[in-house]
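Across the two complexes that follow, chain A remains constant while its partner is chain B and subsequently chain C.
Up next is the complex of A and B:
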């Protein structure tokens, strides 16, 4: 196997009202099952060392994490090279229960949007209330970014992690660059000057 | 003449003079001017020509209701037509030109139309241009297109950028006048999150011009204090230059922000469309003054009385040295007083009313020495390109001239209409206010939200309150009520400010001036300035039976111009009601639709233009295809290589080469776009048996099976190869366009009908790069990479295996859509490019070439394989395509089974799939129809079939095609006629659809 290649070659945008950076691939596992079952709790604990996230929430523990996706779906995050081990671990914990765990790491592209106006930049493209009081650390939104699906959460401070489909990575990067163009800050969700 | 005077101009920065141009003339204004105020300051009374009669027109108003002063603005990639001078803020270097005139504004040939106006009555187009019929398309329309129309269409690509912005709040206040600001303060004090939108660059609305005191403070200073208080509140967002454009269901509002129109050199987007979700909307949108209907009311220099005052107070512009004021209410007296106090002359106030005693404003006007003429009216305004005088008559008469006043301006006021547009967008009802002669929001019938309660509240003048004290109290009470319904509570010490009261005499409704105006006067009495609709037109429409207000509107075009009847609406309704002897509320209003005022197309598109007009989906190999000269074909949102033409090679030749090479040596196809959906669970087999027409539950792990999927109406919607991964897991391949929709189709059935099935699905399409390695050398190529036994014995046709090839972890499917020895190999997307490169190296001495989608099509057509979207079009069932072998007879049910048993579906005369071979080897035109005997009831030739796929096959050296033909399979060998659009008739013989290697020897090696 050769080095895994992300959807775009290095992509970094600076000089606007927010910085946009394409991140290295991370491990992502789509998990479906009964989220309230004991086997799920056990599997999450073993695989990522975390509990079940609340509705529309994400829990991060170092380079591992778990995000709520729907009433019967989770997205697990782990280092890219530990996906198969993690899936094996999950499968073992799930036993004979009706579940699904598949690797979707390569199906995605990951961006970081950071800077004082990152909330305003995202709100240009996603129909999400991004006010600091409403969208807080630990939340995740599965939403749309202009015309494509995307999900994002707060990494820390004013830095967001955004996940989209691999095939539209360039579209999403171009969108974010336009939304972050100089002189375009709505100054609505970011603090009043 | 109109000019700048030394005093006044509260919105101007007189230390910053700016230059601009109008029709090439260099003019000067100040920072803070609108284009309209700057034009008036330069005595540019004539600003355009009317739409129909090309009459000279001047500025009438000072706000978005302006019907006449539309200009072409800017140049090149920043050119924009139909911009309102009254809402265009002046900036240094602004370039404007008037519209709708030829050859020049001063001398317009089209003005001859006004002498023909007797021949251009209401409904003229419908009456005149109907006969003879062909004349419309070839004679009338081209001439009308040339003479009508407003501004020019832009020629260049828009040089600006635009964006959307999503915002959320509890209370959205639209309008930043005293009512809006007081409503915002009240809502904010109760704890609600508030956004206030103001369409102009200034707070306070009309109040600073109209005057008054609030709690002992002049209203201007009160506004400043209020804005200061609001701007310090954390829960309040104040935005100027944002117009509330439309109110939609569920508290959704569009706000139109003009970021750089007033400063075009600033970085950033030009417009921003705010997409706001509000818990409740307060429309504090004020009111618009109505013109009076008298002869010559469209001559430049005739203006709304309050606008004359606006220009004087806000911009220090005098519209005329001598201004006659004509009114039916007290408010216009403020204009007369302001003009007199500024040292200008008001020869008379013509007041249509006859009142028993003077109101305070009247007394004040009289004290200033202004002559007030009660019961008088304008008989006629004289002048052409500007007002020269006013002929005075008695309002109750027929227009006999009693006196003439030379003057250069007329300030008219016919009362005020609350701006109810935003209240009405979602169905808020109106009620007729007899005292004010106006429609006001009916508080008992607001637009209703999902909970059955109103979600819009009007406040202040927009609710029909005009005294400052009433406005403040109404706004305070409205916002308090709104906050309460949203669960907030206003602190007890937060009370409404109080304003000094000034009693006004009641208005008298005047819809025609003079009351008994004859036809001659009525024909020069304009209701809708922009569309040239006169009182006589509306009366004629009523006479001809267009008594419904919506019909009369369309027949006369009243209110259908870009100002959407802001000035003409009520006057037109009243005229119609008068002509019908009906009450105004019985006539009703036309429908208010968003946007309130035109918004730019760019703002609607937002960021979606150029590279991001639509998302383009790129496979992991996209860059390679691009570098290697791919001709692209859009497939869904994907781009797939159609072919890889080499230097000097036509696309057709490239396709032929790719087909021949794949058949004889080795071809490689990027198949990554095909959908891949994991279906897992104890009921997965049972589920797939319901989805596919054939049996999937009997498939053994390690094996693949081709399957067909139908909608519940029986029509074929998708096909693909299903691989059984293990006892509980299947991987379903879908078509490229079907990945998302089939996944959704599966989830819909699982979530709504078969919720008791234990099945999970996952769309893993983009996880993999999938590469088809096709041709006689395919196995050799893969064996060179090494790592798996791919012999016929180890991996037979329609089997799959996991393993590694050349060090790449992969899954190999031995499936064939070409009829050749073929493998489709899936690797993780991130490995796709490296794996493709490795294959190209391994295949180098085996004659490897990439091939595109057209080659794929020819290969499959030679084999008679159908393609979803070619052989199917949403009306085709598998039985039509001879795919009965893929329809299980053992299953009790599958989606579409019942539908396929309906009589129409089981009809033996349904067109069926056959192969078609031209008699001369040429290629049939795509989509051509086969014609049969006789004609149908419409006199058209009967059709007996159509071409669904057609190609030149380099393998067979002739044209091959597939088509659906009446009784086709029973007519083998028959020759059909296919008339082409090129005038030729093609003849093709019905043959078996499998043209190549029918026994499948080549794929089975």
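Up next is the complex of A and C:
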């Protein structure tokens, strides 16, 4: 198998109001079907060891996870080299039921935004209420980042994980760099009371 | 700017996260219909100053379609409801009647 390479080579931005890092490729599987079905729950348990996530929520279990994307769509996370095995397992669990599991790992780019002002950086780019009271750990938000679709969730503390399409990885990286440039802190969400 | 709540995923966002899909509750006239009916279906649209029913898609979010009832003049959104209906639900009509007592509910699709 060819070697997996991230969308941009070793992209890391430091020295601004937040750190932006392009992550190594992670395994992502798009699952579409009836989320409430019993076989779906069984398949999730087997593939990622987690149950069905609530609406708009993400569950992480070590290097595996499952995110709610829409009323009939989930995004499964797993190590990059285990995608094929996980899809085989899912397909076996789905049987003849009308459900789809597709490897989308290479169609995506993954970023980490960390630092005290990470909420401010994202709030500059997405039409989302990112106040700590409203956007809490365990939530996933599909939205737009300036002109392109993206989704993000809180990894831990003030560190965000963001996924976007691989084809717009450079655009998103540039956006995040500009939004995180030194001296641009709006002191809004991160303001001390 | 409109603020809409997607009934499919429950997210309330401003209109740039959505995409407008035109007038709602059109009755389709396809093969076999008269030229007048087909023209009506294809081209003729209401353009009211006031209460209007529209289709919207949560294009940057869950990707699903839904319906919205809003005022074209004040941009007030009366409510959003499922796309899997060909008529306006009664609770939406009630909300409109609360805000616009003069509005004729009989004109709702």
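A few remarks follow.
Here is the rule we go by: the second predicted complex is superposed on the first by the 191 of 193 C-alpha atoms of A that agree within 3 Å, B and C clash if a C-alpha of one lies under 4 Å from a C-alpha of the other, contacts with A are read in each partner's own complex, and residues count from 1 in each chain.
By definition in this document, a residue touches a chain if its C-beta (ideal position, glycine included) is under 8 Å from a C-beta of that chain, and two chains touch if they have at least 3 such contacts.
Fair warning: this is a prediction, and the values are worked out from it, not measured in the lab.
By the document's definition of touching, neither partner reaches A:52: not chain B, not chain C.
In the superposition on chain A, A:127 contacts both chain B and chain C.
Once the two complexes are laid over each other on the shared chain, residue contacts for A:23 go to neither chain B nor chain C. In the superposed model, A:69 makes contact with chain C only, not with chain B.
Judged by the touch definition given at the top, the superposed model places A:142 against chain C, while chain B stays out of reach.
Legend: residue contacts after superposition of the two complexes on their common chain; A:116 is shown touching neither chain B nor chain C.
Counting the residues of chain A touched by each of chain B and chain C gives the higher count for B. Taken together, the two complexes place residues 127-128 of chain A in contact with chain B and also with chain C. Within the complex formed with chain C, the residues of chain A that make contact are 55-56, 69-71, 73, 127-128, 141-144, 149. Contact residues on chain C toward chain A in their complex (touch as defined above): 8-11, 13-14, 16-17, 60-64. Listed in rising order, the residues of chain B touching chain A in the complex are 161, 163-168, 193, 234, 237, 266-269, 272, 275, 277, 606-608, 611-612, 614-620, 637-638, 678, 680-682, 758, 760-762, 764-768, 807-809, 828-834. Chain A contributes residues 1-2, 4-7, 25, 30, 32-33, 72, 98-100, 102-108, 120, 123-131, 134, 146-148, 165-171, 174-175, 178-179, 181-184, 186, 188, 192 to its touches with chain B in the complex.
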